[in-house]
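For clarity, chains are labelled A, B, C and D in written order, and residue numbers in each chain start from 1.
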Amino acid sequence: MSGFKYLREAVYEANMEIARERLAKVTFGNVSGIDREAGVVAIKPSGVPYHQLTVADIVLVDLDNQVLEGGMRPSSDTKTHTLLYKHFPEIGGVCHTHSTYAVAWAQAQKAIPNLGTTHADHLVQAIPVTEVMTDAAIQGDYELETGYQIIHKMGEEGLSYQEIEMILVACHGPFSWGKDPAKAIYNAVVLEEIAKMAFLTLQINPESTTIKQALINKHYFRKHGKDAYYGQGC
Amino acid sequence: MSGFKYLREAVYEANMEIARERLAKVTFGNVSGIDREAGVVAIKPSGVPYHQLTVADIVLVDLDNQVLEGGMRPSSDTKTHTLLYKHFPEIGGVCHTHSTYAVAWAQAQKAIPNLGTTHADHLVQAIPVTEVMTDAAIQGDYELETGYQIIHKMGEEGLSYQEIEMILVACHGPFSWGKDPAKAIYNAVVLEEIAKMAFLTLQINPESTTIKQALINKHYFRKHGKDAYYGQGC
Amino acid sequence: MSGFKYLREAVYEANMEIARERLAKVTFGNVSGIDREAGVVAIKPSGVPYHQLTVADIVLVDLDNQVLEGGMRPSSDTKTHTLLYKHFPEIGGVCHTHSTYAVAWAQAQKAIPNLGTTHADHLVQAIPVTEVMTDAAIQGDYELETGYQIIHKMGEEGLSYQEIEMILVACHGPFSWGKDPAKAIYNAVVLEEIAKMAFLTLQINPESTTIKQALINKHYFRKHGKDAYYGQGC
Amino acid sequence: MSGFKYLREAVYEANMEIARERLAKVTFGNVSGIDREAGVVAIKPSGVPYHQLTVADIVLVDLDNQVLEGGMRPSSDTKTHTLLYKHFPEIGGVCHTHSTYAVAWAQAQKAIPNLGTTHADHLVQAIPVTEVMTDAAIQGDYELETGYQIIHKMGEEGLSYQEIEMILVACHGPFSWGKDPAKAIYNAVVLEEIAKMAFLTLQINPESTTIKQALINKHYFRKHGKDAYYGQGC
C-alpha cells in the first residue's frame, strides 16, 4: 500500500496545521483525504496528541469504514468523513476542529452572517448551522447521523457543497471540506477567523447585518468561477 | 530517595505544561503527583518561576505535609493537594492554575453550564463552583479549608470525583485532578478551553442553555466507561 | 531592473511583518512601496501564502498598473495602491491587512474614536471609516473605486493624508500608508492595537468618549512636527 | 561609568521582558532602574524598537533628568520616572507599558476592583486610576505632571507606594514600580493579567463586586509582611 504515501503525507500535514494554527487543543480535531480512484481514505488515528503524531500513524480505511492499513484505530468521527465523501463526489479532503470561536457560534446555534469581505471572499451565504439532532439519531449511529445532519442542512437550504465548504454542527463545532486535505484545513482556518470577526463586529455594533449583495458577489466571484482574477490562476 | 525520580520528572513535566499552555503567569499555579504505595507526594516549590524550575527543585512531602526531601519550601497550596489525595483515593495527580477564563468564571461565582460537546466529552455536569469560604475558615487553616470547600461541594451535589475531575474555587480559580499529573494538567487545559467557549457562547447568545441529555451522554460515554470507543483503548 | 532590489527587499520585509504580527491569515493582505523618481511600484503577488513568499516574487508595476517585471500576477488590490500613490504624492508605502479588530470596526461601519494616548500618539482625529460603495462602483472598476472611497472620505472630512495615515474601508478592512513600506506596516500594527483597545474600553465603559483636545494635541505633537521630542530625532 | 553595568543590564532585561510578555507594541513602554547611592537612573532610549535594543543603548541620567552617559535621547517619559524615584524613596525600578487590557481600563477611567485572589495576592485595594489632568498641567511640563497625577492619587486615597505598586493614568495607561527593575516589570505583567480577568469577570457577571475583606487579607498577607509564607522566604 506504499502507493498512498502521498495521501498519508498530505493528511499528516493538514492535521499538523490544526495544531500550528491552534484550532484544537490536545487531541481534538481531525483531517482526512481521499484517493477517489482507489476509494481509499486516510485519516488521523483517534485520540493521538498532535505532538506525537507521525505520518506512519495515519490510518487507511475504505468508504465502508473498514481499516485497510494502520496499527491504530481511526478517528471516532470517521463515519462522518466517509459519508461526506459519498455525498459530495468532488471533494478530496474533510476537516473537523474544535476551534474556539467557531465552536462558540455552533454552541450558540446561530449561523454566521456575512458581515464583510473576508467572509464574501470565501462564500456568498451565511455559514450554516445544522439542526440539533433528535435523541433517536444521537442514540443510533451517531457519527453517521452527524454526517446526515450536514447533508440535510445543505439540501434543505439548497446550498452547493462546491460553494459552501464549511458548516457548524449545532452544539458541537465546525466541519469543512475542499478539493484536498490542504484546502479542507485552509477552510477551517478561514472559518475560525470569520467567526471571530463576526463576533467582534456584533459586539461593536449589534445592528450590523449582512452586507449588500453586490459587494458579496464582487468578492466571491473575483476569487471563484470563470472570471476570477485573484491568485495566480492555476 | 532516588526511587521517586519518575514521580519528580512527571510532576516537573506537568508543571512545565502550565507555562507552555500559558495557564498561569510567572510563578502562579502548581501540579503535584503521588506515589500511593509510599504515601509520597511530589509538588512544585513555592514561588519559583517556570523558566527557572528544574526536576531537582520538586519537593517531596508526606500526606501530613511534612517535607521528606528537597531544599525548597513546597507550594503554599500543598495542604489543599494532600487533602484531595486523602479524600479522592484513586487520583494520582492534582493541578491548580490561574488560567484566565477559568479564573473569570470563578470570580463571577458561576458554574460553567454544559453548552456543547467539547464539555460533554469530558464531563456530564456543569463545572461546579464552590461556596465562598466563611471568614472563620479563611482565618483558620486556609489551604486545608480550600480542600474542604472542594470536597463539600462535590458531596453536596452528589458528584463523583472520578467523573468530575475539575472544579472552580469561588473568587480564586480552578483545581483539577486525574489518574496522574499528566491527566491533571490535561484537565486544566480542557477546563480553560471550555471556560472560554462558554463565555463566548453566552456573549453570542445569552439564551444558550445546557444541551440535551442524550447528546451529553453520547459524547461522555464514547470517551468514558466500558463502551468507550474514542482513543486507542489502552 | 536590478536597481530596484532595495525596493523589492523593503516590500518583502514589510509583507513578512504582516505574518509575523499576525495581521492577516494565509494569503490575505499586501504591502507595496514606490520609487517615486522611476514611477515604479513593488507589490506582493496575488494569493501567495506568506511562508512561501520570496523577494524574487515581488512584482514591479508602473502607476498605470502594467507589470514591468515579475513572473507572477500582482495583488488584486494593486489599483487601490497605485491610486493612493497618485493622490498622496508624499507617501512611499501602502499596506492593506485583514487584521481582526480593525476588520471588526470596518464591518461595524464605525469610526474608531480617540479614546486615549496610544491613539493620540499617532493621530488627532478618529480613525475614519469610508462610506459603503454604491452598487455601480462595486460592479465597475472595484479596486480603483476602493481607492476613490478612501480619497473621498479624506477629502470630505478635510483630513490630511500626512497626518491620518490609516483608514477603514466599510465592510472590508484597514488600509494604511506612510513614508515607506516599513511605516505603512507599522501603521497597520498600531491601528490593530488601537482598534482592540477601543473595543475593550467601550465594553468596560460604554460611556467613554473622545479624550480632551489638550491631551490629544500634547501626545500628537510630542511625536510629530517641528517641536517633537519623542524618539531619536532623525 | 562602567560601574553601572549591572544596572544597565537589569534595565535592559526588564525592557526586553515588555516585548517577550507582549505588554507593548513596537517602541511603546519603558523600564528604568536606579542606583540610590549614586543617584543614577538607567532608562530605555526614546522610540527604539525592542528587537533593536542593546545594553549599550540604555541611557544614564541623574535625578534632574540630565543625561550622564549614552549616545541616545532617554525615554520621553523620563521625568515621570525620576519624580517617582524622588517621592517613593524605597523603590528601585519603574515600568510603563501600553498593555492592552490595562490601557482599556485606563481609557475607561475605571479603577480595577479586587475581584479575586490573583488580585489579592498582590494588593489589597482596587488598582487606582488617576484623575484626568487639567489643560494647564497638560500644556505645562506634561511628563512631570504625569508623575504628580500618580503621587496625588496615592496621597488622596491614603495609599502606600510600598503596598500599591501599580496604577492607571487616566486616558493613558499603566505605571508600576518595585524594589528593582525586575519587580517593576513583574508588576506590569501581573496588572495586565488582573485587568483581563476583571474585564472577563464583569462580562460574565456584571453584578460581581469586591471579594470579602478576610479573603483579601489572607492572600495579601500570605505573600507580604512578617507572616508571609509564600515563596522561598528570601
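Note that in this section a contact is a pair of C-beta atoms (placed from the backbone, for glycine too) under 8 Å apart; a residue touches a chain by one contact, two chains touch by 3 or more.
Keep in mind that this is a model prediction, so the values were computed, not measured.
> Counting one step per pair of touching chains, how few steps separate chain B from chain C?
Counted as steps through touching chains, the separation is 2.
> Please indicate which chain is farthest from chain A, where distance is taken between mean Cα coordinates of the chains.
Centroid comparison gives D as the farthest chain from chain A.
> Would you mind working out whether chain A and chain C touch using mostly the same residue numbers, over half shared, or mostly different ones?
different
> So the centre of each chain is just the mean of its C-alpha atoms; given that, what is the distance between chain A and chain D in Å?
46
> So how far apart, in whole Å, are chain B and chain D when each is placed at the average of its C-alpha atoms?
Computed from C-alpha means, the inter-chain centre distance equals 32 Å.
> On chain D, where are the residues touching two or more other chains?
In chain D, residues 203 touch at least two other chains, as defined above.
> What are all the chain pairs that meet the touch criterion?
Chain pairs that touch: A-B, A-C, B-D, C-D.
> Within the complex, which stretch of chain C touches chain D?
So the residues of chain C touching chain D come out as 115-118, 121, 186, 189-190, 193, 196-198, 200-201, 203-205, 208, 211-212, 214-215, 218, 222, 229-233.
> Under the touch definition given earlier, write down the residues of chain A that touch chain B in their complex.
Those in contact with chain B are residues 25-28, 45-48, 72-73, 76, 98, 100-101, 103-110, 132-133, 135, 138-139, 142, 171-173, 199, 202-203.
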